[in-house]
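First the structure, which I've put down as structure tokens, then a few questions once you've had a look.
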Amino acid sequence: MKLLYFAWVREKIGKTQEEVTPPDAVTTISELITWLETRGPEYSEAFQAKSSINAAIDQTHVSHDTKLDQAREIAFFPPVTGG
Amino acid sequence: MKLLYFAWVREKIGKTQEEVTPPDAVTTISELITWLETRGPEYSEAFQAKSSINAAIDQTHVSHDTKLDQAREIAFFPPVTGG
Amino acid sequence: MSIRVQTADFDIGQEIEALRQERTDIGAIVTFTGTVRDMAKGAPITSMSLEHYPGMTEKQLEEIMAQAHERWPLQGSTIIHRHGELRPGDNIVLVVTLSSHRQAAFEAAEFLMDFLKSKAPFWKKETPVEGEAHWVDAREGDKDALTRWDKG
Amino acid sequence: MSIRVQTADFDIGQEIEALRQERTDIGAIVTFTGTVRDMAKGAPITSMSLEHYPGMTEKQLEEIMAQAHERWPLQGSTIIHRHGELRPGDNIVLVVTLSSHRQAAFEAAEFLMDFLKSKAPFWKKETPVEGEAHWVDAREGDKDALTRWDKG
């Protein structure tokens, strides 16, 4: 699956996007975050304040307990500040 | 005092303005209307629907029981429809 | 603050630029433009004529604009209201409000429009395609709209 | 209905004209323009950078605009949101709504702005005159503003 990072999540992780293949046990956004945090300090720092991290599956806002199912594109970003 | 008429009040009375000198007994807007109605059928027709007639003394909206006092300019007009 | 009652048309973009100029402290600009509709109560019209009370109009608009500036943190505002002969599609009225806060700019513009609709001494006369020209009746809803701004 | 996410500036007057064209059935036109303020939390800034999520932004704006057209009798609407580097005084966002009724035009414009502020995937980074560039914190008030449109 393709992961996208925006704003300070992107800056902390140090990349705008990447392809990952998490283990089968990873079935929700929350589990995906926990798995990502094991990949290095840049991830654990980026996801430290979990309640401030928004997620989108295939460009739709979702909560952290949402199932990944056939997700192709998952994005992580801080609360939005446009307008 | 100077009287001004607008919109259909103006059209019914047939003039845009006039100078009048009502008797001393006329002390309120309401009494002024009653006196004007004696001046001819065009006035009694214009003031027929009294509750639809708005009045202003010296360019400020007033109710019909307002005293004329030292009024210089009194205007009569229908409910406004601008904007 | 700028108030104009005129027969001439106005340019919305120009009016905004006249207020904002080179300022960099503005966060929100709201405009409301009212235009002549081609239908009135289901019947097509060919033109509309707007009469007003010169002197009282300007006085009232100045008072209400001062009130708006007291109630909301505005950085600028403009009211332009046309009078005379207008045709369907023509501009009638323009309100522009500038503020550092969007809610203030929106509310002040709505407040000014509610006032213009229910208190400012303007009268509209419509000429329908068929039948005689007639004065437009006041809408009770416009008075009701204004009361929502009453305090306490 | 027109939605654009772009780095280029926009001209408010032109956007209004593009919607109204020669139409004579419109009664009310509301615009909201958001601009970059020179101060953030009391400290002067030199610039602002806006990042967004290409694809998701457009998808979301189309959905919310369709919702606005369902809820209010709109005759046209435009949303333009800029991204990239901006300076104090620059335009950020434009919303235009056309309706035969003024209240509908006002409410739809406010609804679209509340959505843009609290849901659309844009992020602002400010560069202060002194100190380091920082990402702007979300305001709780913006989320609250959106909830007022929730239906029973």
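Read from first to last, the chains carry the letters A, B, C and D; within each, the first residue is number 1.
Rule of thumb we're sticking to: contacts are C-beta pairs under 8 Å (C-beta built on N, C-alpha and C of every residue); 3 or more make two chains touch, one makes a residue touch a chain.
Because the structure is predicted, anything quoted here is derived from the model rather than measured.
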Chains touching both chain B and chain D: C
Centroid spacing, where centroids are CA-atom means, of chain A and chain D in whole angstrom: 26
Euclidean distance of C-alpha centroids - chain A vs chain B, Å: 73
Cα-centroid distance, chain A relative to chain C, in whole angstrom: 49
Per-residue overlap in chain D, given as positions that touch at least 2 other chains: 34, 113, 117
Chains touching one another, given as label pairs in label order: A-D, B-C, C-D
Interfacial residue positions of chain D with respect to chain C in the complex: 11-14, 16, 20, 22-39, 88-89, 100, 102-103, 105-106, 109-110, 113, 117, 145
In the complex, chain B residues that touch chain C: 4, 6-8, 56, 59-61, 75, 77-83
Residues of chain C defined as touching chain B within the complex: 34, 50-53, 55-56, 59-60, 81, 92-93, 113, 116-125, 135-139, 142
